[in-house]
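Note that the chains take the letters A, B, C and D in the order they are written out, and that residue 1 is the start of every chain.
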Amino acid sequence: MANIGKIGVFTSGGDSPGMNAAIRSVVRTCAYLKVECVGIYRGYQGMIEGDFKPMDARSVNNIINKGGTILKSARCKEFRTKEGRQKAYDNLRKEGIDAFVVIGGDGSFTGAMIFNQEFHFPIIGIPGTIDNDIFGTTFTLGFDTALNTVVEAIDKIRDTASSHNRLFFVEVMGRDVGHIALNAGVGAGAEEILIPEENLGRERLLESLKRSKESGKSSSIVIVAEGDKTGKNIFELKEYVEENFPDYDVRVSVLGHMQRGGSPSCYDRVLASRMGVKAVEALLQGKTNLMVGVQDNELILTPIHKAIKGHTKIDKELIRVSDIMSI
Amino acid sequence: MANIGKIGVFTSGGDSPGMNAAIRSVVRTCAYLKVECVGIYRGYQGMIEGDFKPMDARSVNNIINKGGTILKSARCKEFRTKEGRQKAYDNLRKEGIDAFVVIGGDGSFTGAMIFNQEFHFPIIGIPGTIDNDIFGTTFTLGFDTALNTVVEAIDKIRDTASSHNRLFFVEVMGRDVGHIALNAGVGAGAEEILIPEENLGRERLLESLKRSKESGKSSSIVIVAEGDKTGKNIFELKEYVEENFPDYDVRVSVLGHMQRGGSPSCYDRVLASRMGVKAVEALLQGKTNLMVGVQDNELILTPIHKAIKGHTKIDKELIRVSDIMSI
Amino acid sequence: MANIGKIGVFTSGGDSPGMNAAIRSVVRTCAYLKVECVGIYRGYQGMIEGDFKPMDARSVNNIINKGGTILKSARCKEFRTKEGRQKAYDNLRKEGIDAFVVIGGDGSFTGAMIFNQEFHFPIIGIPGTIDNDIFGTTFTLGFDTALNTVVEAIDKIRDTASSHNRLFFVEVMGRDVGHIALNAGVGAGAEEILIPEENLGRERLLESLKRSKESGKSSSIVIVAEGDKTGKNIFELKEYVEENFPDYDVRVSVLGHMQRGGSPSCYDRVLASRMGVKAVEALLQGKTNLMVGVQDNELILTPIHKAIKGHTKIDKELIRVSDIMSI
Amino acid sequence: MANIGKIGVFTSGGDSPGMNAAIRSVVRTCAYLKVECVGIYRGYQGMIEGDFKPMDARSVNNIINKGGTILKSARCKEFRTKEGRQKAYDNLRKEGIDAFVVIGGDGSFTGAMIFNQEFHFPIIGIPGTIDNDIFGTTFTLGFDTALNTVVEAIDKIRDTASSHNRLFFVEVMGRDVGHIALNAGVGAGAEEILIPEENLGRERLLESLKRSKESGKSSSIVIVAEGDKTGKNIFELKEYVEENFPDYDVRVSVLGHMQRGGSPSCYDRVLASRMGVKAVEALLQGKTNLMVGVQDNELILTPIHKAIKGHTKIDKELIRVSDIMSI
């Protein structure tokens, strides 16, 4: 049995909807289990600077439905150095913190893993990122909300799309992975979905758009993941298509950071609440170096090094569904 | 290999968000696989009346994001009789329909199963109901959307709740099952969740509300599933609480049918799109009498009699999470 | 020229979306014009208890989009007594507050007016109520948002309505006035709108519903203002209609306090921002005992006694529009 | 008294939320007043091609809440020629249409005015555009909805903004006018608003951003109207700021056509319903060559040539409010 009397919690990396719900859950589970809880501001940066604040059940009132993170988030170069981590460790010890829960993506988990190796400090990770690119969990916190944000935006574009000979190119997040583009694309009924994992070339895009037109569609929506390489970027791709498909006007939307914000969906809130409980309980049971994930709607624990190194693959079945749906 | 050249599709029972997305998917998968598709209006009623309409890929444009069902839905007593089913069968044969996909809940599946037994007519079910009470699938179409509708409504109530010594009682759907109440209750941060599966008595509710107040909460939200028996109904429960807890005003909201409508969430749209493909493919592979479900984000097929008779249990872990969160 | 160096601001009565935006505007206008600003918590109650907090431009970060009121609101009996008001005055003087801005409805304004008469204390009102029942302003803060909340709820109900022989009764706020019911009813395309100002009797409702059915409508939505007297209450009215119109099922929604919350619409935020500037400027110009209102999109000032005693009439043109639209 | 037995209705130019509600109102008012009504598809293009469809009260069921336009819209070069207009006139006469209601912006009104001059054909305009740039009406249909779309998007960006040293540049519609940028900017609490009507130079932008940072803001949101000339375009402006303000990352969102779509706000629906009634009644009273507008919440009629030539000025008071709010 671990001897854990005080747990720290922080968010790190790009924020995602559901992080506040996860913080709330960690804090309230600590209160429920009579363990002290300390919020660490701005992730590893705040750990190095000793930016701590004790938290009780009432500190997290009315945040479950808020986007962003009340503990703020930052990227921190100093934590990549041995000295930085030592400072962080010293601060944690001074504050009497015995273990921490880190809410973030794989960069944040890597930091935690190294920290655990160096100081034998108990850590548990909760996957908070809109990208859904963490191995060991079917869904990451924020992915579901981001998908809803994207489809709601595209629904509005679709309203206006039906009147004109127009193509709408919509850029969504995803530098390395196309999970948002593919799922939101199917959800929004996009005619084409361009993702980093598949580059079929821009000629094929053109052909496909022409086929769409011949099949009687008066307008089409093309989802482009940030990291897609069909064009140099979405504006260059627009020019290419307009040159080669002169009947059509192409209009571009770049959704940007609205995808990281917004009130979390019920799914993300429930998942965050469940994960926070699991994370605290795991620490109190003496577990460490694990990430909480969800698989078949059950919570599971995965060694954090596997979560980092594992790969999430693009869903081939869903690509096929998308092809069929855009007939 | 089955000899299926024309597939019928219909929605039946109470409608749910995602039904249109499932119709669209069945229709477009048929078009993609060069099978004819016929829409049957108003469920079994339309089958008995021969209310059919051929559908092609363009018939289902711009419906993926719409609540309700373009094929309409109805409950049908006549289909419970042998004569009614014979009429339906004759109409299907006359129209040349070789198999059908039924989108609905367990009542609709029971009808389909009996029909299959009597006429050896190939059928596949897609679970469309907001109640999430179908065995053989982790999620039914519409559940995710309904949860978002409920938490968005309660978020608004929460805004105003924080100013006053007030209790808010919110009635949500669920005559026999508390899945909506429990999940939306956790997602909305409700202090109490009253579900049909658990009746702890109204004295315990009172104690719990008093404890809440003592812990410093200035107001509380209580979710009450339709089928909960803590009080005779939500208004009677309100009177009981106000009599016994005189400091507090109780305000009641009855969300009602708004929970069945609304634009489906991305999750429900993607799931519906996937299920429609799977249903058509299963029929073409000669399968029958099965329901498409989702388990661990993979599609599975369950014998429809199991889907009907199986039980979905309330999630004990989630009840515990709810207790911890409302500390 | 008035000698005003410190301004108090508070919200009072039932809260409404846009109150936070108005607080933010008062606080920032004070900062901009180099006047001190003090937040008074829980309205007149906090004034009597001396529950004050100095506010600067940064105190109101990130609240423009939040429902509710960060200063909280309360109803206060003690302020109706001379002793209560004397305590409040003493506290204001002790804190050095020279004038205040009250954000609320006519009850709150009446308190302010009496206070002004007794102590010659400068006051300005900003109309914050969802009911739109204040004379001297075309729109009150929160009305626009509440209308959007109601129509969004009814849109969801409408999705499901089209499938069945059903009537949906939706109760909306409005004990004495039907502005919400009438505007949201037209906006949502309701077939019938029942308001306190007009009681045509329940027989007429029945006839109208029957006419609706004969005209080919398969379902209808009836908006019922809280204060409507067509039935004893919405449930009694439901029973009456079901008895006399047996083909139809009546389903009831009671929207309740969700109408008071939610993120304010852009209109309410802009209006709140403008009104806050105007209120502070008026006080600094030595004006008092006025309410800021909007007329033809311009801000105007009305003597507060007129705002209280004046009447807002139900819009006859809109009743006619509603009759025409529900043909 | 005019001898008008059949009225045409169409939408023209860029679509805007509320157009469907206006169509519905024109159609139902005709039905109510026992005048025939014909929908003209794709604006002037459909008039030239004789693309007409008779409409009755039931043709416009369930469209009040839909974005886009069921009659579709198009820009039409041929109508700019005398021959084109002659064809249109001949088609209208053949169909027995005696007058029309045009829903659109000033380009559409100009066409209608010329048509009226040439053929003495009775016409009435309803201002449908998100830009709010029509003289003779305080609000155009769609403006209110577009503002809500923009502030909801920026609210999400704001959630994530608070964690980082970041600037968010958000491009909104408005090639010639800054009404959307200015109102949505105030509503979203933007730190800077760049509009076509005012070009203060990019140096001033830089200074202002630096001042913002010094005042303690950790991040800022800058709204840029499409037609703003502070930079060559939003991406060039981003580069300029990043070069000269190296501490900060600039992230860009281009909202694009989502601003033209979406379910209309209650305000836009009510206004559309009222305007449709007024337009039909005006035609039946023998009026012509007028635009229906709203002023101080009352409907007024303005000669259409004034509506076209008049100018809507940017609201100086609101610029001042914006400056004060971003302190």
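By definition in this document, a contact is a pair of C-beta atoms (placed from the backbone, for glycine too) under 8 Å apart; a residue touches a chain by one contact, two chains touch by 3 or more.
For clarity, every value in this text was computed on a predicted model and none was experimentally measured.
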Next item on the list: Return the chains common to the contact lists of subunit C and subunit D.
Entry: none
Note to self: Can you compute the centre-to-centre distance for subunit A and subunit D, using the mean CA position of each chain? Integer Å is fine.
What the structure shows: 35
Notebook entry, point to check: What whole-Å value do you get for the distance between subunit A and subunit C if each is reduced to the mean of its CA atoms?
Noted result: 38
Next item on the list: Indicate the residues of subunit C shared as contacts by at least two other chains.
Entry: 155, 158, 162
Item checked: Chains that touch, pairwise -> A-B, A-D, B-C, C-D
Item checked: Parts of subunit A lying in touch with subunit B, wherever the complex brings them together -> 24-25, 28-29, 31-32, 57-58, 61-62, 64-65, 138, 144, 147-148, 150-152, 155, 158, 162, 183-184, 186-189, 215-217, 263, 265-267, 269-270, 273-274, 277, 295-297, 299, 317-318, 320-321, 324-325, 327
Next item on the list: Would you tell me which residues of subunit C are touching subunit B in their complex?
Entry: 14-15, 17, 42, 66-69, 72-74, 149, 153-164, 168, 170, 251-262
